[in-house]
Structures are given as structure tokens and as C-alpha cells.
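All chains are identified by letter, namely A, B, C, D and E, in their written order; residue positions are counted from 1 within each chain.
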Amino acid sequence: GRASAQDKVAVGVFPLSSSLPYFVALEKGFFKEQNIEPEMTKLMGGPANVAAMITGQIEVSAVLVTLEGLNANIKKPGVAMYIALNSQTPEFKMEQFVVRNGVKADRIADLKGMKLMSAPGPANLNTAKGILAKNGLKDGDYTIDQLDMSQHVNAMTAGTFDGGYTLEPNASMMIKAGVARTLEAGVISKYILGNPKADAYAAGCAITSDFIQKRPDVAKRFAMAWSKAVDYINKSPDDARKYLAKNTFTPDNVVDMVSMLGYTMAKDMTPTQIADLQKLSDFGTSIGVVPEKLDVTKYIYKY
Amino acid sequence: MNWKRLEVLLPLVGVVVLLAVWSVVTWLRIVDPVLLPSPAATFKALWTGMFHGKLGVDFVKTVERTIYSTIIAAIVAIPLGILLGSSERLYRSVEFLIDFFRSTPASAMFPLFLVLFGVGDRTKIFVAAFGAALVILFNVAYGVMNARKTRILAAKVMGASRLRVLWDVMLLESMPATFVGLRNGVSLALVIVVVAEMFIGSVDGLGQRVFEAQQMFEMPDMYAAIFAAGALGYGLNLLFLTIERRFVHWSGK
Amino acid sequence: MHPAASMELSANARAAATRTAPHVTIRGLSKRFADATIYDNFDFDIPRGKLMSVFGPNGCGKSTLINMIAGLFPADKGEILFDGQPLNKIKFGYVFQNYREAVFPWLSAFDNIAYPLKVMGVPKKERNLKVEKIVASLNVKIDLNLYPYQMSGGQQQMVSIMRALVVDPEILFLDEPFSALDYEMTLFMREQLQRVFVETHTTTVLVSHDLEEAVYLSDRILLLSRHPARPVEFVHYDAPRPRTDKTMTEGDFISTKAHCLEIFQREVRKG
Amino acid sequence: MNWKRLEVLLPLVGVVVLLAVWSVVTWLRIVDPVLLPSPAATFKALWTGMFHGKLGVDFVKTVERTIYSTIIAAIVAIPLGILLGSSERLYRSVEFLIDFFRSTPASAMFPLFLVLFGVGDRTKIFVAAFGAALVILFNVAYGVMNARKTRILAAKVMGASRLRVLWDVMLLESMPATFVGLRNGVSLALVIVVVAEMFIGSVDGLGQRVFEAQQMFEMPDMYAAIFAAGALGYGLNLLFLTIERRFVHWSGK
Amino acid sequence: MHPAASMELSANARAAATRTAPHVTIRGLSKRFADATIYDNFDFDIPRGKLMSVFGPNGCGKSTLINMIAGLFPADKGEILFDGQPLNKIKFGYVFQNYREAVFPWLSAFDNIAYPLKVMGVPKKERNLKVEKIVASLNVKIDLNLYPYQMSGGQQQMVSIMRALVVDPEILFLDEPFSALDYEMTLFMREQLQRVFVETHTTTVLVSHDLEEAVYLSDRILLLSRHPARPVEFVHYDAPRPRTDKTMTEGDFISTKAHCLEIFQREVRKG
């Protein structure tokens, strides 16, 4: 029905490039079509988003790191139900190893003896270490410091580190600035999931069970708008790209370089893809970031 | 005569020193100019941001939040500080709480404040007010405790009630310390507001501008926002200084 | 309860005339500082409606005594009773020995003098009248808009004295109140103090190092020994009031003064 | 007699109040227990962390960094504060710099410090020392400016040189304010160290522990680390308080 | 350059005997505070090697004058020369009128007295000796380990006086130095001051409100008017030293005192 008042939905947005579907849905009017008026709160990082979800201050987190979301679900089951996931692969570049220009290295294995940085948080740090281990580098073969994402380009420019594990769009920014180059991207698929073709569903859009139960109709319509945005991005990525520019922390000069992600609605995931997700979750458990083994299917919600 | 006139310019010395050092550092490329842009580039960014961009709006927003939180902090902390300072025993009994929270980073408390006050403006204002109140409280209480005893005795012997002594004597005896506290407090409130805007997330404010510029590696924009924050801090301090000068005429006499 | 000033005056006087019990009773008072015993089981009665001087060597404990009586700091032991009651709401007038630190630097001289009235809840208009009255009666030629730190030592002491007198106190403590006044002003203030006392019969305790002044003004002179302070003698001097310059030439005055001096010097030299 | 003994327990009142409020809040589930664990859970985490886990090591690391930075700050700021405070004109001329940097969040300055000092311990210590020094400087300078003029005059007339007056009189006159500054400073140093450990990469320290626990929603661990930081702050303040009590015997007299 | 104490003593005395030029020359001195003109084009010479008293009503500007001479705060106009030179390193002895605020509360009484010696660079051992000497010579019975805030008013003033005397100053300023001392102590300190003066002939400026004391001690008495302060008269009193109680009964003393008093009262009543 065309009720005069639109349904309001409280959405927490961490304006990374991975929250692109939100901005596409908003700007292309997909929410409006569904008679939904999102109320956006900018919330930096997973903990803030999860806290806001637990207290019911937001119903949707536009982008929530999978391991963090799953962990939250252990603490409070059902608090973060993924309706869509973003896959990172060697093609859909997100996480990658980089080295400073001038440093001699062609493969990850060449990072031996170097000073490395990592994206912050135990998940990122342990992932980086895991990948390095898969490449034959043990603890002590290198030093690694976690560093706030906002400092990655700085640190490469200043030469504080030789290289490290970083995320987009920072990688593109370094490359554009001419201070660093990519060694290898899509490393989670290849080294953690053991298959370069595997989808590493590192993050996604999550909604609260409360939202699903209390306002099933609104939640459904929200998911449909999201789904439409995902379709749009997948069909015309170059068109969608321009929404990165002023909405997310993506500088204009790298908007054209930053690769898209494999945006997928939960309902469209194949069993292999579900298995990939499960595998990522199990990896999280193995490094202690997800304290216990989980059945991921319980925390994806298919609209 | 002429000297007196020149004194008005004294505060500029600091600005000039800052700009000079900064210019030299960028000039000699001690720091890569990509990381630390020249003053000229920064001021261009400041100018454009202030008058043609969003920086002006962000500035006003941060001013508002800082002022609200300082006012809340002052209203709560000054009377409480006098009360606590008036009895050393009372103060010792809550000292743990004061020192505890003063030493806890506001940013570590964000999750808690988020839960208590929500994700909106309120959280930022309250967390800043909380931090500033502790500092003001601490300074005021010490001002009262270090006040000259003779004046308190004089008021007592004139029959002034405990409350009167608090209000008429201790409040005024502690004025110099109170203003030190207020100036510490307003700076801290500004710092916390900016940090909250950076790390809780916000759609406006200088902190959000710094964070965004940082994320997007727009160094001139970032330093322009930092400069705006610092200048704002100086301005707010100057405000309190002016009030103090007008008001606390007897200090040191 | 603050009856109007004029009633209060007569009340003090009436009480003095009819009641003979001591105004302040001190029993078994003891006070120690770090290494020194200042009072050890000290007993004393302050008579009602009399002007009493305390005379004793430096550091014997005069200021300490009146501070304890006024309740400014506690005795280690012993009790101090007012009309047989422990201290409650009594209107003190008090001139501190360190008058400079006892005036309020944030108040002008005028407001300093008016402050105790404000404490008593006297309305502003009446306050101003009373201050103006006392300033006029003491013939003070100070700019009362100045702040204490803008005044000379003597001027600050005058402010301090006026602040003590303005409330028509029940007991008046004066700790070396004229020490910074000039020659003329000291003589004048002695007369004023005598006038006020004659009019009101307020129980008054005066600490003074000027023996002539002490005898001239007092009904009783308490001679204290070095600490631990003992009351060496409680000299009576009952010359009729008002006393004048002539009084000082009378035999009674001269012999009382000589007697006090003798005792004082004997006691001081002992220590 | 007995009262005197009980006075030793006064500081515990604050702790008890904190624990009581905290218990009630979790008991009544005013805040979701996932976000704010009970005191019991927190202390269990604190205990295990301290004696069986890494928290003890982190604690020591943070203590070290805080102490280093406070010492550096004090050494730089106290003499400078006295110097600046001794001439109001001098102080006014650099006031802009002091108020400017006091009002700039240390976290916004991280990029600059990172570039200047790298990611190691040094950066954390220097940035904390910088912040603490400004606060100490500010307090000391005001202590000197508000010092009683008579004593300075007395020293001058005895032929004391400017330097002697600074050292013998102004330093001591400003002692109460200096200790307020030191206690403000040590708390701020701790806050900045913790924040730096959170946001500049670090492998140890309480800040890193808070950050990691936050990332992993190990709320009891997070609050245990926060509690350790707060208690550390109280302890460092207590240290200065004890020194002050022993040393500044004359304050308010 | 700080010659040993004994040499210094004789140096002062020798200079006093041989040099007749004024020690301090004040020319065209003007000083205003907010609304009041304290000095307006004031000229005066302080004679070398004399003990001079300044006598004048409260608030006339006595403390202000010696503060300006000592360079503690600037005059608005005019010049103050020492031996024809502007102020440089002169050893002042100074007892402040507000002695309580001029002692250092963080130093014990002993260290307070020793402080000016420390400033002069006297080694610790010698410092202690000198302090002990002056304490002994003034026969002071105070526990010198106490801090000022643990002492009575009179004891603090004694500390302040000893601090001024301990350095063998070239010029000694005493601003109501005996105001808080007890009867015996005041008399005793007068004699001590006279003794020191006779021995050293240090140029001394004494502010006192006790006319008897002023005349008894002085070679010259400067009578000041109400502000703007003018030197009303510069009375000479040349009775031989040492003066004793007998001096005060002599006709010369009595007439000088009477003369000063007459002028003072005339001037004060004018204002």
C-alpha cells in the first residue's frame, strides 16, 4: 500500500566500499520503491555496530565483518542475521599483501625478515599470520604490527614498514600514490579456504532477529531493496562505482580502480558457497576469533 | 605607550612560531610533504573548506557540542567539587572514582556510553561532559582544599553556616583553581568530542572530517580540520581567560 | 533569631547588670602542638559584661586560647561552655591577629564590613545603613570602594575592626587589634572601644602587648605565663568609666600597671 | 582512636560505590549483560588475565610506558612552566601553542607522530609525554602566576637573582598547582598510552588488550583491562598524592 | 663581592664617619594608585649612617615609599639614586609590614633566617654559625625547627627581624618591625637595634607608629603628611648614644617628642 508515512528502518553504516549496496539502494530509489525510509547512523567499526544491534538502536548493519558477526551471535544468538554477503576473491580484490616500491619481493614468501603491518584486529592479524605460515614463514621470520586502516597509506609513504596485509581502497590508494604494489590479492580464498576460486565471504549485510520477528514485512521489503541493489551492482558495476565516490571513504582518484566485490544475497548462495562460508567460520574458530564452532546456516536469513 | 599597544599582538607570537617551524619542516622536506603538507596548502584547504565546503558546518557543530558538554560539566562539577573539597575525608572517599575515570580513556568507554545514551549527539555530548566534569571537579576540589584557612575561619566565626562558607568563601578562594579547571575541562571536552566524532561515527563535526580525510588520505584537509580544532580550543580558552581576568581580580594578592 | 540592633544592645547591658554567672567557663582545657604543650588542664572563667585583657609573652598561647573559645579549632581535652551551654549560635565579633588574611580580597572594604550582617540575613538596605553608621561613628576616612589588597596595613586593620563591631556582638574578641594603627588612630580607637563597651557592656576579650592600653581599657587583666600557659594572676581594675587621660595619672592606675609589669617580667624571665 | 584507623579505609568507599552501582545495573539488566558483564565476571577475567594470562604482561608494559612519558613530561614541563609563568608576557606569547595542542586530540596527531617517530614504543611514549607535558606546563605556569607576590618581593629584596627567585620561591609557591598538574598529567599520559596502544599498532599493553577484547566481544576481558587501566591511574595518582603530602606541608597555611 | 662580615661592619661605619653625601637621593618621585595620588614630585635625601624614622598617618604612603626605594615596585616618575647611582647590587635588610606573608612557609624558622645568606653564596657551615650567633645575641627562645605557620605572630615577626639583620645590610628598612612583639620583647629589641646601629652605623629607615620609640631610636624623624605625602618636617634629634631609659626623661627628648606630636596632630587633623 502507498501509505503516506514510510516505514523507518534504523541502519548502521560503516562507510567502507563494501557498503556500496546501501548507497545504491538509497540513491537509485530502491528503498523508496519498497516504501522504506532508512535512518542512517554512521558507526565506525564492528564493535559499535554490534553494540547498537544488541541494544536495538539499529536494525540493520550495512556491512559487518563475518567473523565479528558470528562471534556476536555466540554471545547473543540471532543478533546478526546475514541477508547478503560480500565475497572476496583474487578477482573481487579486497584483502591483499603489498610491498613498498623499492623493496625486492615478488611473492609472499619473499617477505622473510621484513617489517610488516596488518589491518587491525585479531581476525585480520591472525589471517595475515596464517597466510604467511602457508607461505612457509614462521613467527619470527618477520615482524608484524597491526595498524589502524587510516594509517596504512601514511606508513607506506613514510617507509615505516616494508609491506603488509591491507584492504581496499587503501591498496589502490598506495598504488595510485606510487608508493607500493600488490604482491597477491584474494589471499583468503587461496590460502585459508585452499582454493583460489572459493568465495571468501569476509563481510555482509546483517539484520537483527528482532527486526525479522517484530516487523517481518518491513524486513522483507528491506531485503528486496537490498537484493535489487546487489543485482544492479552486478549488472552494471561501472555505473555503480560512482556511488562509492562521495558516500564512502574512497578517494575520487581511485574510484575507477577499486574492484567490486562479489555481492550475493543469502538466498542465492549455492551449497558450495555456504560451505566456503562455513570454512571461513571454522578458520575463525581455529584462530580463536570465533570462540566455538558454529553452524553458519543458522545465521543466514534467506529472503 | 607603543609597547602597550604591541602587547595585544603577543598571542600572535605563538602562531608565528608554529607556522615558522611548520614551514621549515616542510621546506627542508624533513617530513615527506605528502604526509605533512605545507602551511600554505593547509590554509588553502582551510579556506576552501570553511567558506566553500562543509568544514564550516562541521566547525559549528563541534563548537556546539563542546559548549554544551562544557556547560553541563561546569554545572555539575563546580558545586560538587566545592562540596567534596570542603571535607578532605569526603574527597578521599570518592577519590578512587575520580582518579579511576580520569585515567580511563573516553574512547574505551564509548561502547558503554553508546549503550547508555544511544548513537546520537547525546552520547558525544555526555561522554565529553563526563570527561570534562572529572577534570573540573578535581581542580575545584583541590582549589578548595588548598584555600587559605584563615578566611574560612573568619567566615565561620561570623556565624556563617557550612553552606555559606562553601558559597561565600570556598567558592571564591578556589576561583583561580576553578578557572584552571574550566580551561582544562573545555580543552578536554573538545578533544573528546572530536575523538567521539572520529570513532563513534558521526555525519558532521571536525572529528568526522579528520577521520574522513585520514581514510581518504587527504592530508591538507586533515590538517585543516586539526588546525580548526586547535584554534577553536585556543578560542574557548581565551574566552575563559577573559572572564577570569575580569572576575578574579585578587589572585596572587 | 536576630532581634533588632537597639534591643540587642540593651539586652547585653541588661544581662551584664543582672547576671553574675561567668559568661564563658573553661574547664580542664588541654592543647598540644607537635612538641609543645600550650595548655595543660587550664581552668578559667570569663566574666560577663566585663572588658578583659589578656597579657602574656609572645607564643604563650593567647591567640590559641581565643581561637579555641570561638570554636575555630578544637581543644585536645576539656570543655568550654557559654552560659553553661556548649557553643551554639553566638554572635562573635572577632578581630584576627593576622587581619590581612582574614579579610576577603574579593570584597570591597564596604562589603567586607557588611559581610557579617549578610550572614545574619539583614536586608541590604539596613546593612548599608548600619555600615554607614559605624563608619561615620568611627570617623573613618578610607575609600571603602577599595579592595583590601589596595589598602595600607592600618586601613585593613580598621576594616577588620569595623567588621567585628558592626554586628553588635555578644562577645567581642580583639587579638592585638590596634597593632598597625597610627598614633592618633590608636588613641581614637581606644576611646571608641571604651564608648562601645560603656554603651553595650558586651563581654570583651582584648589581647594587647601595650600594658598601658590593657590596664586603661580593662576591668580585668589576665596575666599568662609562658606555655604551658597558666593564669598567673587575674588583676582587677575598677576605675570608673568613662576613663580619660586623667585616669592614667591616678595612683590606682599607676600601681596596677606597675604590679602587672612586675609579675609579667618575673614570669617572662623565669621561662 | 578507632576512627583514625577507619580513615585508612576511606578510599575503599569509592570502590564499593562503583561496584554497588555496577552490580545493580547488571542485576536489573538495565544494560544487556553481553555488553556490560557483572563485576563478578569481570573480576574473574581480571584474575585469570593477571595471573594466568597475558593481562599481567600488558599491565606492566603500560605502566612502563606511562611512567616514562610522565617523567619526560615532568622534566620538560616543570622548569618551562616556571619560566613561562614568571613572566605573564612570555606566557601570553606562547599561550596559543599550549592551548592549541592541548585542544587537539592526540589521536588526530598520531599520523604526524608515526611519521616522526615510527610505530615503536617511542611514538607511544613521546605522544603521551607531549600531551602530559602541556597539561603540566599549563598548571605549573598558572601556579606561578597566581603565587603570592609578597614572597617573591621578599626574595628579590634579599638580592636573589631572577633565577634564584624562580627556583627558591616560584617553584615552591607553585608546588600545590604543580602536583595538581602532575596528577592531571599522569592520568592523561595513561589515557594517551592506552589510546595509542589501541590505535597505533601494538603487540602488548592494556590498550591493545582493550582493543582486541572489543573486536572479539570479550566484554569481561575488555572491562577487566579497562578496570586495570583505571586502577593503575588511581595508583599513580596515589603515588603523587603521597609525595605531595610528605612534601608540600604548608599548603593552605 | 661579599667581604667577610666583620670587614663589612667596619666598612659601613667607616663610610658613615667619612662621607657626608646622602646615601639615598630621591628626586621628583611620583606615584599614583587608581584614584589616589600618593606621591607627587617628592624630593628627599636619606642621610648616610643615620637611623631615620618615618612617622605619618595610616595610608599616607610609608610602606609604598620604602618599597619603591628597595625597587620592589616602580615609581611612576622620578629617580632614586644610591650614592648617586641607580639601584644595583645593594645588600638590603628588610622587615615587611606584612611579615607573615614575607616569610617562606616551606622553610623552617632557621632556614628562613639563613636564606639571605644562602642567596649571597655563604657556605652552609658559616651560614649556620651566623644564624646561631644572631639568635644567641638576640636571646631568642623559639624552637627554630618550627615552620612559620606553626608559630605565633610575634615569633614570626622575630624571625623576620633576624632575617633582615643576619646579612649585615648596607641599608636596613624596618616597616613596623615590633608591632606584634610583647612588652618585654619590644623593649629588648629596641636596645638590640640600637646596639647594632651603634656598632655598624648602618643606614636605617624605621617606620613606627610609636612616637616614643621613633624619637628614642632616631637621629632624624621624617614627618609625613596625609597623601599626597609631603615631608612636613625633618626633625633632628642628636642625643648621644647609647641612649637609656634616662634619655627619655631628659628635656631634649620630651620637647622633641612633643614637637613631633604637635606637627603630626596638626597635619592629621588637616586631612
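Operating definition for what follows: contacts are C-beta pairs under 8 Å (C-beta built on N, C-alpha and C of every residue); 3 or more make two chains touch, one makes a residue touch a chain.
All of these numbers come straight from a predicted model, not from anything done at the bench.
Among the remaining chains, those touching subunit B as well as subunit E are C, D.
Looking at which two chains touch through the most C-beta pairs, you get B-D. With each centre defined as the average position of its C-alpha atoms, the distance from subunit D to subunit E rounds to 49 Å.
Per-chain CA centroids place subunit C at a distance of 30 Å from subunit E.
Multi-chain contact residues, meaning those touching two or more other chains, occur in subunit B at positions 32, 35, 111, 115, 148, 198-199, 214, 253. Residues of subunit E in contact with at least two other chains: 98, 101. Multi-chain contact residues of subunit A, defined as those touching 2 or more other chains: 47, 51, 54-55, 150-151, 154, 158. Chain pairs that touch one another, listed by label: A-B, A-D, B-C, B-D, C-E, D-E. Within the complex, the subunit B residues that touch subunit D are 7, 10-15, 17-18, 31-32, 35-36, 89, 92-109, 111-112, 115-116, 135, 138-139, 142, 145-149, 176-177, 180, 183-184, 186-187, 190-191, 194-195, 198-199, 207, 210, 214, 222, 226, 229-234, 236-238, 251-253. Of all residues in subunit E, those touching subunit C in their complex are 33-36, 55-59, 62-63, 97-98, 100-101, 141-143, 146, 150-155, 158, 176, 179-186, 209-211, 261, 264-265, 268, 271. Put simply, subunit A touches subunit B in their complex at residues 12, 14, 40-45, 47-48, 51-52, 54-55, 57-58, 149-151, 153-154, 157-158, 173, 177, 249-251. Every residue of subunit B that touches subunit A in the complex is listed here, in rising order: 32, 34-35, 110-111, 114-115, 118-120, 198-203, 208, 211-212, 214-218.
Interface residues of subunit D, counted against subunit E in their complex, comprise 148, 150-151, 153-160, 164, 168-169, 172, 175, 248-250, 253.
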